[in-house]
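Structure record follows, encoded as structure tokens.
Going by the order they are written in, the chains are A, B, C, D and E; count residues from 1 in each one.
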Amino acid sequence: MSGLAETVVHTLAPGLLYPTGGAILFALGLYGLIRRHHLVLRILALNIMGSGVFMVLLGVAARGEGPPDPVAQALTLTGIVVAVSATAFALALVVHLTRLTGHAVMLPGPPDDDAPVEDISREEHHADGGPADPPPDEDRPA
Amino acid sequence: MSPPGAEWLPAGIAGLVGLSLAVAVLATAWPRQAHRVGLLGALAITAWVLGLSALFLNTGPDPEAAATRVALGGWEAPLGLMLHLDGLSMTLLVLTAVVGLATSLYSLGYVHDRIERRQFWPLWLWLWAGLNMLFLSGDAFNLYITLEVVSLSAVALVAFTGTAAAVSGAVRYLLINILGSLSFLMGVVLLFGEHGVLDLVLLEARTEAGPTERMAAVLMTAGLMLKAALFPLHVWLAPAHGSAPAPVSAVLSGLVVTGSFYLILRLWMGVFAPLATPAFGILVGMLGVAALVWGSLQALRAGRLKSIVAYSTVAQFGYLLVAFPLMLVDPGAWRVVVFFAVVHALAKASVFLAAGTLQHAAGHDRLADLGEVLRARPRTVFALGLAGVSLMGLPFTGGFIAKYLLLEAGLGTVLAGSFIGVLWVLAIAGGGLLAAAYVLRMVAPSFQRGRADAGEAVSPWMDWVPLGLATVAALAGLAGPLTLNTLALTPGAP
Amino acid sequence: MNALLVLFDLVLLAGIVGVAWRCLASTDLFRAVVLFITFGLLLALAWVRLEAPDIALAEAAIGAGITGALLLVTLERLRSIMAERRSGRPHTPPPDPAGPHALLRALHDPPPERRTFIPALTFALVVGGLLATALWHQPQSVGLEPVVDAHMDVSGVDHPVTAVLLNFRAYDTFLELAIVLIALLGAWSLGRHDLIPARPAPGPILPGTLRLLVPVAIVTGVYVLWAGSHAPGGAFQAGAILGAAGILLVLARPHQLPMAPGVPLRLGITAGVALFLLVGVYGLAAGHGFLGYAEAWAYPLIILIEVAATLSIALTLVALFVAGRPAGDDA
Amino acid sequence: MIANTLTVILILAGLVFFAAGTAGMLRFPDVYSRLHALTKADNVGLGLVVLGLMFQASGPSDILKLLLIWLLVLAAGTTAAHMVAQRTWTHGEFESDR
Amino acid sequence: MSLFYLFAALFLLGTILLGLVRVLRGPGSGDRMLAAQLFGTTGVTILLLLSLALEESALVDVALVFALLAVVAAVAFVRQHGLPEPPDTPTHRQQPESAKPKEPNDDR
């Protein structure tokens, strides 16, 4: 009987349990990214995928008896800081997109290539980086 | 006795990384003079890269001696990070320097608003530094970090115009980039979990065709195909490149997408070499044919000049996919594929710059009403045509040499008995015809009779730089042998 | 003891996956953000269980302090932009015709339609399944821990993670600082929309609490930075803590933010990267290789770089929270 | 030995308060009463646990750090409770799903 | 002894998962925010218990950071514009900004 308990405890060691959890998070984030269309939810889905990758990395580093692998921890720390800065930039872009188009939803479907393009080298481009006066886009219904 | 310059090569490599970072940091810290710092920096980086290539070439014909590995901070491979320079990365560094210098000169004229200059130049110089570091990096996790540097600065530049189309294209591009990076990182984590090493050369020695390597190969290749907009995952490219400022879309189509392709090539020649089976080659080849057909049809249908050029990027990248099966059969063919990517980058960048000049002059880039401006600006149209000719692959241009060698390799596979080879040959020849169709479509209005109105005044930079880059793209054919034997200096290549 | 640890792991992982699933499945964005904040908390507990206190510290400082506040203020900005559009202000595109409750529409995402359910589910299951099987087949490989241990005496610090971050793989850390800077440059290039909507909660409670919390946060940040050389901590955790303190100050400010000075702010955000590069180029010139230190000078140089990095990260995170180019920058 | 038993007793008492706090949060009718349950849980619950852990602490610095953590959680709890209550009082009916 | 700490930590983790019901069901945004606040405090306690269960004294620093930053989310939550403030709320005493140049509560 103790043999079975031993194998169960061995297989459920953090070195295998957390990487599996990380793989589940990665797949969950991928599913959420495909299904949901609101941009803030998609950014959350990408963050959850990133946490899944880091859980796999730290789970792999915790294998074996000795202290966990410091290189893996340094990589995870670097990854977390990169994820935060990418998320902050993505949220700033989404807010700016809502300011221009009135909605924060990235509907699938082919992009309309012939949308009017503003050229920043022209004179009437505003100095504060914003467009001269945003062309009146019709609101896409939800 | 190693050749005279050899001992300066490691310092030169690390110095290139240091210089490109120093220029970017200085431009960020001193925004008022960012454009001057950018210009001087561009000249300095280009000079440094050319000097480095001179040093690299005369370290002799033997690839083992030429390939240099520099340990950063003095820490050797398994612990520290190694910079890795060989023929492949040297060629792409020279390409980045040439296109980067041309884009920097063009941007001097294109971005002339006082405020926007301060935002544009630091981002552009970080993108250039990121590309230089990407081509020099020899460590798996370091590749992920440099890919992030390139992706974030590229997205920021795509969103630079601030219009609804540009920002929505940038958001779509950013989400796909983050997804690609995470998938690439998961592949790196799998390899690290299995082998406990991150350096590419050490990984190459330890990998065999196990389940971990297969999963890592799938994840890393899918991530990079997302970033390189290779056929099945290309949906973000047209809106992003079409709505970005002209110099940015030139760099995106020319260098950033080529950088992702370089990584796929580097991984499949090194770490994942045991996994490259003929069946995989044929699958990739079929994707290439589909990309060629779809991209060209979209280019023929698109209404705006920049959209045509963006779709032609998707199409021309179909060539690189078609060449994969050729590489599996004829080992020497990989150098031809890289040479084609180099020529395509030069030609595509000059076409985008010329399109930017036309859009600036006309105020819009709807092809239907561009007639007057096309007729009134012979220089820009000649640049457009010359680069288009190189894209098409007419004789005496770089494109011709690349396509000729590709056809040679394709026929080689047919003679070697693989019937699928006929499809590759047809695809390569047909691709040239389709390219001719949409290039002529861009240039045709200038041949018709009608009013010639030069539109807005254009700064001299914007007038002459596209022409200069187009001539370099056309003359790349003459540099064919030089490029091919530089590429030969890559150890471990088949 | 071991069985209880396994039970703790199972409950924790079930909680994490459950919170993540509900977060992505929720139609109301505010509920998704609150669930995401809880997800960050449970994740920090997971890093504690994997014996990575540095990462738990970073997850705590960044997850609880910065990502939560950033998401909540983003929702707030989306809501106030929709309010502006509804009130027909001249400079905004025409109001959304979907009716008075358009305000909440910005924070409500209708449940996705049925047809993409099957393909998305199968694709995610296939990717997850292949990934899990690949991970289960991996042999027990010993990581780089023995190699790092062998070089610890030369690295100038006692804590292995800090040694790897700032000495052995200093190039990665440098690029990471650059990425934070590029994200800020990107956010600034979008324009000068730096207003944080709405006024702070009236009444004396908020300023009183801030007078207690912000000094303690600064002292804690400096302590975590100093502890980084011999215990879990370091530049990024300290920068995130000081950044969160800055975000607290920004949130307590009235509608308009004070005119951030252009040049000092630019120098502040590039201080970390610039100093790191200077030390790197000096190392290259002095023959220790790019970003290399002489053994005797390793400790002082690492502390110097960490101080500059903390300052830069704190300033950059607060500027990313405000997410608009300060007027001073265009002067 | 005495320290261990004291710690166990105090931590068990703390757990009781946490359980009460969670139960209160789940069963109370509106936001304001739930806030009472919440703040009780962390003031007294955490206070008892911290007191219990002080007996295990090795030096005075650990004891002071535990005390500081408790004070910070007190400050955070009161501020958050005030903020949430005020927000619900002014904008509550606009933001509820009902 | 560490067995007891681990049991206590597991119990508190159970209360967090139970508390999630309030986040899912909570009718108002205030309910969800107070639940997140309770999870923050419970998280600090779990970290303190784990620091003894796993003999890792660094976890006390993690608990300190959590305790410190628990208030940031609540302040961000309150700083919300939302719909126009209903006129009859007792706290609605501010004069419009333009009339009074200085905000009373921020320059002390």
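Assume a residue touches a chain if its C-beta (ideal position, glycine included) is under 8 Å from a C-beta of that chain, and two chains touch if they have at least 3 such contacts.
If you're wondering where the values come from, they're calculated on a predicted model, not measured in any experiment.
Where touching is counted per the definition, the chains common to chain B and chain E are C. Centrality annotation: A (chain centre taken as mean Cα position, compared with the mean over all protein Cα atoms). The greatest centre-to-centre gap from chain B, using C-alpha centroids, is found for D. Between the CA-based centres of chain A and chain D the separation comes to 33 Å, rounded to the whole angstrom.
Our note on geometry: chain C versus chain D, Cα centroid distance of 27 Å, whole angstroms.
In this assembly, the C-alpha centroid of chain C lies 18 Å from the C-alpha centroid of chain E.
In whole angstrom, the spacing between the mean C-alpha positions of chain A and chain E is 24.
In chain A, 19, 26, 56, 60, 69, 71-72, 75, 78, 82, 85-86, 89, 93-94, 96, 100-101, 127-130, 134, 137 are the positions where the chain touches two or more neighbouring chains simultaneously. Chain contacts: chain D has residues 68, 72, 75-76, 79, 83, 86-87, 95, 97 touching two or more partner chains. For chain B, the set of residues touching two or more other chains reads 115, 119, 141, 145, 148, 152, 155-156, 159-160, 162, 167, 186, 190, 192-193, 196.
According to the touch criterion at the top of this document, the contacting chain pairs are A-B, A-C, B-C, C-D, C-E, D-E. Of all the residues in chain A, the ones that touch chain B in their complex are 19, 26, 33, 39, 42-43, 46, 49-50, 53, 56-57, 60, 69, 71-72, 75, 78-79, 82, 85-86, 89-90, 93-94, 96-97, 100-101, 106, 110-111, 113-122, 125, 127-131, 134-135, 137.
Those residues of chain E that touch chain D in the shared complex are 1, 4-5, 8, 11-12, 15, 18-19, 21-22, 27-31, 33-35, 37-38, 40-42, 44-45, 48-49, 52, 57, 60, 63-64, 67-68, 70-71, 74-75, 77-78, 80, 82-83, 85-86, 89-92. Only residues 5, 8-9, 12, 14-21, 23-32, 34-38, 40-41, 44-45, 47-48, 51, 54-56, 58-64, 66-78, 80-82, 84-89, 91-96, 98-105, 127-130, 133-134, 136-137, 139, 141-142 of chain A touch chain C when the two sit together in their complex. Residue ranges on chain D touching chain E, taken from their complex, read 4, 7-8, 11-12, 14-15, 18-19, 21-22, 25-26, 31, 34-35, 38, 41-42, 45-46, 49-50, 53, 56, 62, 65-66, 68-69, 72-73, 75-77, 79-81, 83-92, 94-98.
Within the complex formed with chain A, the chain B residues making contact are 109-116, 119, 141, 145, 148, 152, 155-156, 159-172, 174-175, 178-179, 182, 185-186, 189-190, 192-193, 196, 198, 235, 238-239, 242-243, 245, 302-304, 306-307, 356, 359-360, 363-366, 456, 462.
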